Amino acid sequence: MLRVRVWRGLGPLCRGGQLSPWRRTQSRTAAGSGSVSTDLSGIYPPIATPFTPEEDVDYGKLEGNLRKYAKIPFRGLVVQGSNGEYPYLTEEERVEVVKAVRRSLPTDKLLMAGSGCESTRATVQLTDKMAAAGADVVLVVTPCFYKGKMDGRALTRHFTKVADSSPVPVVLYSVPANTGLELPLDAVVQLSRHPNIVGLKDSGGDISRIGLIVHKTKAQDFQVLAGSAGFLMAAYSVGAVGGVCALANVLGRELCELESLCVSGRWEEARGLQQRLIEPNAAVTRKLGVPALKQAMEWFGFHGGACRSPLQPLTEAETLQLRSDFTSSGWL
Amino acid sequence: MLRVRVWRGLGPLCRGGQLSPWRRTQSRTAAGSGSVSTDLSGIYPPIATPFTPEEDVDYGKLEGNLRKYAKIPFRGLVVQGSNGEYPYLTEEERVEVVKAVRRSLPTDKLLMAGSGCESTRATVQLTDKMAAAGADVVLVVTPCFYKGKMDGRALTRHFTKVADSSPVPVVLYSVPANTGLELPLDAVVQLSRHPNIVGLKDSGGDISRIGLIVHKTKAQDFQVLAGSAGFLMAAYSVGAVGGVCALANVLGRELCELESLCVSGRWEEARGLQQRLIEPNAAVTRKLGVPALKQAMEWFGFHGGACRSPLQPLTEAETLQLRSDFTSSGWL
Amino acid sequence: MLRVRVWRGLGPLCRGGQLSPWRRTQSRTAAGSGSVSTDLSGIYPPIATPFTPEEDVDYGKLEGNLRKYAKIPFRGLVVQGSNGEYPYLTEEERVEVVKAVRRSLPTDKLLMAGSGCESTRATVQLTDKMAAAGADVVLVVTPCFYKGKMDGRALTRHFTKVADSSPVPVVLYSVPANTGLELPLDAVVQLSRHPNIVGLKDSGGDISRIGLIVHKTKAQDFQVLAGSAGFLMAAYSVGAVGGVCALANVLGRELCELESLCVSGRWEEARGLQQRLIEPNAAVTRKLGVPALKQAMEWFGFHGGACRSPLQPLTEAETLQLRSDFTSSGWL
Amino acid sequence: MLRVRVWRGLGPLCRGGQLSPWRRTQSRTAAGSGSVSTDLSGIYPPIATPFTPEEDVDYGKLEGNLRKYAKIPFRGLVVQGSNGEYPYLTEEERVEVVKAVRRSLPTDKLLMAGSGCESTRATVQLTDKMAAAGADVVLVVTPCFYKGKMDGRALTRHFTKVADSSPVPVVLYSVPANTGLELPLDAVVQLSRHPNIVGLKDSGGDISRIGLIVHKTKAQDFQVLAGSAGFLMAAYSVGAVGGVCALANVLGRELCELESLCVSGRWEEARGLQQRLIEPNAAVTRKLGVPALKQAMEWFGFHGGACRSPLQPLTEAETLQLRSDFTSSGWL
């Protein structure tokens, strides 16, 4: 499992003889000298955003959750991932939430902030703001509205521009269930050569694709994170280094335990644990979504609460289904 | 073809005894007294947004286009539809473009402004701003990021809240090619009963669905607009009253001619014209998208130009394909 | 509306100087001399196959239905379309049913028999048998199991081989809801030039595509039939000449009335009738399928009955839904 | 890894007090007494069917391949899987090919024969014939033509009837890339309780689903086989017991080596091998299909040759692509 990596020499320095922005600040995330890269390996909850009854961000509840997460051996937190309802926040709110998390988060934990927007220029600007707000790494989702035109060419240019100007390392983010498109494998491989692109969060769950991406990016400093707990063990088996898992908001300790079993090669034990996590994971992701994640958080002692509209609270039948998906695997 | 409609009396007045916001300003769009509704029937180009080489909005070129559109018998203009690259504009830019169009547009032309955002609260706020900027009607797209949760229940509540508070009438907007979801038929029928929801722009092109929506909303003041020129005649045949067609940015006069033939029952003539419009329409929509629309605009004397990134200019091969799709039908 | 067409001269005669098989028998379907082609225009029910309680073909009930259909001004019957459960019949049964229909059917009615199989050789053989059994025309569905490989090249070769050897004219059949693939438009246009391919049954319902096919095959003797009653009027509006409609098994007279209104240009009257047919049509096709079609046939005085397994009878809730879809439009 | 299992007692004996057909012959596949079940664990090539230039089955070439496969430590062979072009064979050919394989195959190798048809009655009959022809186990694909009606209820009844009457154990087969539908998880779990249903070949590749199926069928004698080499290691990691892999026709020894590494817990070594197999596997399955599989077989010393029409030979560009996908991973 790669934990430290060395820059491949000249890269961006050659582009005009000046340090590019990402170069200037990389020492922030590196252990010592400028020659090592950000180690992404480990488990991250893509944290939920609690709201007040008036649908404003509830910073008090957010900090309550952060205090509890601080006791779990996460590698860091993802702020403004899909589960953070980022498309429902204003740009100001998105930055403000990152600042709030930064204040609470120990410096040895990685803060990965979602900075993706539909346009390249907006993504570049928000990436700057996120870095200024304290993000160690940015997570940049594929633009998706004009999905018919978001081919490898368009996406490669988009991510290259963003990475060229980003003060912090960039993690690519492919989440077809929400965006309706998958970042093409060839684009991932090409982008993996960019010195400021350090990894991919893949939420599509096509395990052959994940294995092939690991294989084809071996020569690069490039790390793959599973985007869901349902295929976390399988992703480890083919070479992923961690996971950004909605379920970590609820069963974070258990997911860190699964990580530990996989990393130490205790596959038999890992298998049993992984199997019990699949159904609850499906419940809080593709089956019932963010409202279910927030409901489950309440059951496990975290602040969840309602989503912003148009996301609706679970119906009674959905709540029963959710509960059943946790109890049948022995979690409740 | 419905041209005037009468409010069904009490509706929103009953909700607390006060005039709701949409009530106050409805005289703006009505011909005379407060008892008639907005007539949507006719052709609208969903106008493109020209940009400078630095990707800023080019208001000079925009006005150049508007001057040319003024000579075509459109019912009005759609500003900030999908072809206006609205997801790539900031909220300020979206409002500013509407203001600019309002300044140029004769008052007998309808200004339909896209005010849809992902969250309900943002949509409510932008709807207010669009009305203040001079929109006669707002066009509200289905939120789509959490598509797995955007069922009839969620979408009905979303559109109801927006329509409850909107100072101007609301047109629903279903565009599955971009959003990955279709506004469910039952939700459309239920929403058609809201006194401040006056119609639907349907870009999905399922002509059975369009016919059924017309049928099931007959008792309401509800008008259906075809969302693409490819099925405009077919939509008229089953009861639509007009079209919002990307191709109207290029062949606006011809689409108004097609409207006229359909409305006057000259179906044989309409058929020949419709058939020749399908291939160029496909080229500037699903095949090659907004960059192709803007390229074709250049060929026909309008300002098109480049899109905002990540939308890329056409490749040479795509440009040839586009040209061929116009020449093979005799338009170039 | 094209009712007679002239062969484009040499065609197959040039292929080696001999009459090809399809040439020999074309007088069968032509009005007089060998110089006119098969007129497909009109309405066809794709007839259902009644079964005994032991799931054997019930020829008595089949003939009962045929006697009733004889009183309706259909252009002919489609035997072994999707609604005939042809994939559940053996090859012998498929041929036997065609023979039975031929015995009952007046010679001025067209018998269009489904002869499509997965392999080209099986389709060629069954086509021969269907012609020998009395089919005037064969309807050949796209092979679909290896859908990833069934591109325009493969399908063009398949249909060309079948048409080259078929003793009777061939109608192409594209039904994506069942096959998971659509016969590509370019392949349709290319195949339309084959002298023994006379038309297309398009069940996909993409009305822009249907209009474009009509437009691009204008120079050929090629006729397009709508594959469902839901978009029959719209298809007529863009140039189709008829329809093969599951619903014609139930409301055949009404569909012939709709045809008559469209053909005579009485669009306003047609519209009202078309709109009332959409919901019952959806019920017996995409919503509830063949079991619903057969249930509805029972209500309207025809023999429907159970399907072969694995198709299941409707549940009670489905039966209620089906009934409601007929009553809400005033048909029951 | 389960290798022996005990019948759950009464099951079918209770259904009327007689031995059901499957009961009578189960000793055929059991090691000793009637109390143990068929062990499916291991690797199987779903063998290709060689044809003569006239597209007849080439039994000589088939036996040539079988002689070579005999030297590879496969668990057995799958005859008439998707890669055997079974939808293009007549029923007689399907049975004849199984007989031919049985004659060549050592008795310690499992012969799993595809006996799925669209109708339940045809599947029951062919299953009988396959057992009589020497199949140890039948592989039964989901019927798929009426995909809108092939829900859990219909599929559960179909497979139950087939398993009730089958003289040999049944393996379920879900292959959405070809059928356009996935056997629902709940149906799999319910069917796993049938004493004559011993496993599932899952070609969909959703690794969360595979893990959950293993988890939910733990209490049953039910074994899951990966349906493709691309996710073989991941499937082992979550509890599958083997794989039916197209690529085993080409790189059979390597896949058996991968099996061995996974079963013995040597995951690091397995990972490297798995990664190198993904790209060639994709080439001979979803990218280029059966024609590519047969072309690659030629390169590796087996008889491949052409497919039956409408499957076409690879184009030159496709052949180059295929070759590149094998060379880039070091296999050629």
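Chains: A, B, C and D, in written order; residue numbering restarts at 1 for each.
As a working rule, a contact is a pair of C-beta atoms (placed from the backbone, for glycine too) under 8 Å apart; a residue touches a chain by one contact, two chains touch by 3 or more.
Predicted model only: the values in this text are computed from it and were never measured.
Greatest Cα centroid separation from chain A: this falls to C. Separating the CA-averaged centres of chain C and chain D is a span of 36 Å. If each chain is reduced to the centroid of its CA atoms, chain A and chain C end up 52 Å from each other.
The set of chain D residues touching two or more other chains is empty. In summary, the structure contains touching chain pairs A-B, A-D, B-C, C-D. By the touch criterion given at the top, residues 55, 82, 87-90, 118-122, 143, 145-150, 153-155, 157-158, 161, 177-180, 286, 289-291, 308-312 of chain B touch chain A in their complex. Chain contact summary for the complex, chain B toward chain C: residues 205-208, 211-212, 214-215, 228, 230-231, 233-239, 265, 267, 270-271, 274-276, 278-279, 281-282.
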